[in-house]
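Following this line, the structures themselves.
Note that chain A is present in both complexes that follow, paired respectively with chain B and with chain C.
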Partner chain A sequence: MSLLQIENLNVDFMTDDGLVRAVDQVKLSIDSGKVVGVIGESGSGKSVMALAIAGLLSPAARIQADLFTLDGQDLTRMTPAERQRHITSNISIIFQEPTSSLNPALTVGYQLDETIRFHEGGTPKQRKERALELLSQVGIMDSKRRYKEYPHQLSGGLNQRVMIAIALACQPKLLIADEPTTALDVTVQSQILDLLLKVKEEHNMALMLITHDFSILAETTSKVHVMYCGQIVESGRTYNLLSQPFHPYTKALLDSVPHFGMRHKKGRRLFNLPGTTPPISHLPVGCYLGPRCPYAGKKCVQPPELFNIKGRRVRCHFPLVDEEES
Partner chain B sequence: MFRLLIKHGTTLFVSLFGLTLLTFVLSQQGDEALHAYQSSSFIGQYFEYLQLLFAGDWGFSSIHNRPVLSDFLLHFPATIELVLLALLFAIIFGLTLGIMAANRRGKWLDNTLMGITLAGYSMPIYWWGMLLVLLFSLTLGWTPVAGRIDYIYDIQPVTRFMLIDSLISHSQYGMDAFFNALLHLVLPAITLSTIPMAIIARMTRSSLLGVLKAEYIRTARSKGLSQQRIVWVHALRNALIPILTISGVQISIIMSGVIITEYIFAWPGVGKWLLEAVSRRDFASIQAGILALSLLVIAFNLALDLLASYMNPRLRRPS
Partner chain C sequence: MPSLLSAKLLRKSYKVSNNPFKQRYLEVLKGVSFTLSAGQTLAVVGESGSGKSTLARILVGAEKPDSGELLFEDSNILKDSAFSWYRNIRMIFQNPAASLNPRATIRQSLEEPLINAKLGNSQSRKDRIAEVLDLVGLRPEYADRYPHTFSGGQRQRIAIARALMLNPKVIVADEPVSALDVSVQAQIINLLLDLQDQLDLAYVFISHDLGLVQHFSDKVLVMHNGEQKEYGRVGEVFSQPQSKYTIELLNASASYRKVIEK
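The block that comes next holds the complex of A and B.
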């Protein structure tokens, strides 16, 4: 049974342009202990979706879902307070900017300690031991010194480790990492990714990795969801999806990434879709990719449903499946 | 911490220099010379003036025929008492109102509070003080009209802070004298604190609302902390830093307000004394009064700066 199951999740915001749908009919399930990736460009709704799942959106956002179960409990039937409690004790989240995600006026130790106090309790001495243990678990050397320091005295990589330690202190069953390495150096990136996978194993958590980097997904995840304009346009097993994308958008995304060893021919350019991503307040009729899609046909003025094809879900009228194979 | 002291020490030194230079020039404006200086040059006389100042010789009042220092020591505690209480009112109520408004942003309470603070901010305090006297003293009869304490109480001046003196003069009055002194203090303190309170309230609200949007507040939410804890520990600690800085400016507003307030309530403090000195061209007293009020401003600002850097670890140097 899935740890997290979501069907038809919609998130609306009231803006000056009227009601805007930032997350549209998202269907998602995460099994415990698995690593799931979400990829999409900036503004595709992946962060809003993550915040909605973690219950961190502002009250201005309207969240609806046909089904939203977490650890076997139906969140749609709970009062807001119960829901908040259930979510925070099961889901932890870390963000893109580790340094601004930590309170600048409080020490690392304090911020860790209050988390332990809330979730585990214990005497001050026990809590401090636990905190130091967590800090060394996330690979922080001289944890005793760091415990007393403030976030501005630590590097971005160290702060992200602290964020992970704080997340672990909540003993979550699901850890959401919202572009955890985007703001970090390349070498630190791989360390943080390795750390995330390590603590995921040790604590038997599920991990939802949000990124816009295919190489990260290929290394870490077993399943990938591709998002465009608030919708999931394709989901499937990572290897299959990356080696043979069915959705034109997934293919376009993959084609726009330079590969190592790519032949450089004169005049040859990386593929890019014509036009730009439409603002979510002015989406085209029918398929949102329609006007930019090289494979679009007349049918594409109708909004496509999610189709199940070969163990994958694709939101497209003309998925790129070889006819002979199917 | 050492660097911090040096930084503030430098500021302190420069402001003291400017201040004493100003009062020195003022002290030379009287009809008769304040001191019989030995040096003939301006700079030499300035240094002699400084020496005398530190030695406690602040000149001789031409109208009271007394050394200025003794007059000053008589009036200074009353002013400090009033200013401290006003500052306390301004900070406590300013913060509370600001936090209440921020917690209910856009609701009727927020709008009402912000309306009230805007009114308080725009109120001329001499008029506001008289309105308060009219309502609470004359119509309702809750508080006395003026002075520090009723004359039936015979309080020995020990510290010259009336609240303390009335407490320690364990005479036949018991707590009555203390409450009487407190009642005398309430209206002037409220009058004096109104404008700074309004400013602090508005400042707290906007600062808190800004901080509540920060990413670390989102982190605190994700940890499952209660709303109270998020506001009081995580948000307020950061929101207080700019408020502390702005409070330093409030001190000077209070100091200029204290002169008017003391006059309205016949409060025997430095402000009233200074006003009298100005109207009678007693330059020795004027320079002493200005020096005293300015020293208070500088001292409060220094204390607030130190407090702000204690609150803001980014201003502290890593040790």
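The block that comes next holds the complex of A and C.
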């Protein structure tokens, strides 16, 4: 039984251009103790999907799902208040820019205390003890001093640790990290990733890591979903997907990044897809990648289904599989 | 190869306290040296706060160093008041949305360097704009549109076009692709490589992406807390790093390939 199971999740927004679908037929499941990655470019709907799962979208968004179970309970049959309560006590989310996610006018301690008060309660003394314990769990050395400080007195890496501490305060079963290290320097980045994996182990949580960086996925996740224009276009085990992508978009993404550590040869042109990601209000007919895709054929004016190929799901009419093998 | 731009022991510090009895200075550059020839790329890598951007500002003349020399075609341009920085060394920034004036059309933004340099009449300026837009892969009709009507990648092309208007010899690019998506990033990197071939440009490429640095540059300068930790050819520095900091940096930026091949 998966911790989180979603089928056909759609998120629509009413805009000046009419109804726009930001997340389209997303299907995913996460087991406890596992790390799942979601990768995509900006505008691919990965953040909207995360916010929809965490119940943080504004009421203007229309969320529909055929199946949405969290920790064995069906969220589609709950009242909004029940659903909110169930989600907030099971899912935590951290964001890209820790310094702007924290309130600059309140101390670190106050913001941590607020969450503990909401979820666990207890006397002020107990809560403070719990807060200091959380701060040391996320590797903040002088937790007593940091407790009294304001976010601007801490570095970006420390602020992200505080965010993780706040996220852990409700003892979540699922932690969603939306580009947790994009705003941080490379050396700090690896520390934060190590910390996320460590707290995942200690709390036996599931971790959903949203990123646009394949090297982060390769180091941390066991399963990856690739998103394009609101749809999952390919999902599978990280190793298989990165070593042999089946979807042309996954392949293009992998090929357009120069690999550090490969033989140095200056001036080789990088592979790139022509054009840019279309805005979701003006999507092309059929396969959304069609106009940019080097492998596109006549069939591609029909929207492709998610096909099951060798234990992977691929949304493409012409997946890059060797015919002889299959 | 003769050197086009070279720096010798550039130093810079900023005053951090205004108390006349307790003057404190923060050293942001502690002696940086390099040489760069035409058609070459020098990458500058380091974390935030390492002094990369201060170095960039010094190279385009927006800031004067406290000491050191900056030689352009063998003359010390820090002492030469007749040297026109803006004709020879231009800059491209990280975020093209912020570096283009939202209330000016592309034509106005591109024409400004020509007007400032008192070059040409309105017809020749118009021709030059069309020529440069073509060079960066944009259609000349785009000139009368406003920046917000373009995508991030196109805006960065416009920023590159503006930098090229006066035929500079050196372009300082401060994280030119880190605000862009990977597929668009590759387009801009290819464009920069093509322009370097065609125009024999020298680039100072500030980046934190070591994969990109390795792909794109000839030389690399590693900075940490204002110190020059390492300087040399990319292949040598990355295969045999000498300083402890460089090794740390290289380990921290593992490529997914490395993980797969393990």
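FYI, the second predicted complex is superposed on the first by the 319 of 326 C-alpha atoms of A that agree within 3 Å, B and C clash if a C-alpha of one lies under 4 Å from a C-alpha of the other, contacts with A are read in each partner's own complex, and residues count from 1 in each chain.
We take it that a residue touches a chain if its C-beta (ideal position, glycine included) is under 8 Å from a C-beta of that chain, and two chains touch if they have at least 3 such contacts.
Please read all numbers here as calculations on a predicted model, not as lab measurements.
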item	value
First (chain B), second (chain C), both or neither touched by A:153	first
Partner chain in contact with A:258 - chain B first, chain C second, else both or neither	second
First (chain B), second (chain C), both or neither touched by A:13	neither
Chain B versus chain C as contact partner of A:54, first or second or both or neither	first
Which of chain B and chain C A:170 touches, first, second, both or neither	first
Which of chain B and chain C A:68 touches, first, second, both or neither	neither
Partner chain(s) touched by A:93 [first = chain B, second = chain C, both, neither]	first
Chain B residues within the chain A interface of the complex	214-216, 218-225, 229, 233-234, 237-238, 241, 311-314, 318
In the complex with chain B, residue positions of chain A that touch it	51, 54, 56, 84-85, 88-89, 91-93, 95, 97, 100-107, 114-115, 118-119, 149-150, 152-153, 163, 166, 170
Residue ranges of chain A touching chain C (in the complex, touch as defined)	41-42, 185-187, 189-190, 212, 214-215, 217-219, 239, 242-243, 252-253, 256-262, 264, 266-273, 276-277
Chain A-touching residues of chain C, taken from the complex the two chains share	41, 47-48, 151-153, 181-187, 189-190, 193, 197, 208, 210-212, 214-218, 234-235, 238, 248-249, 252-260
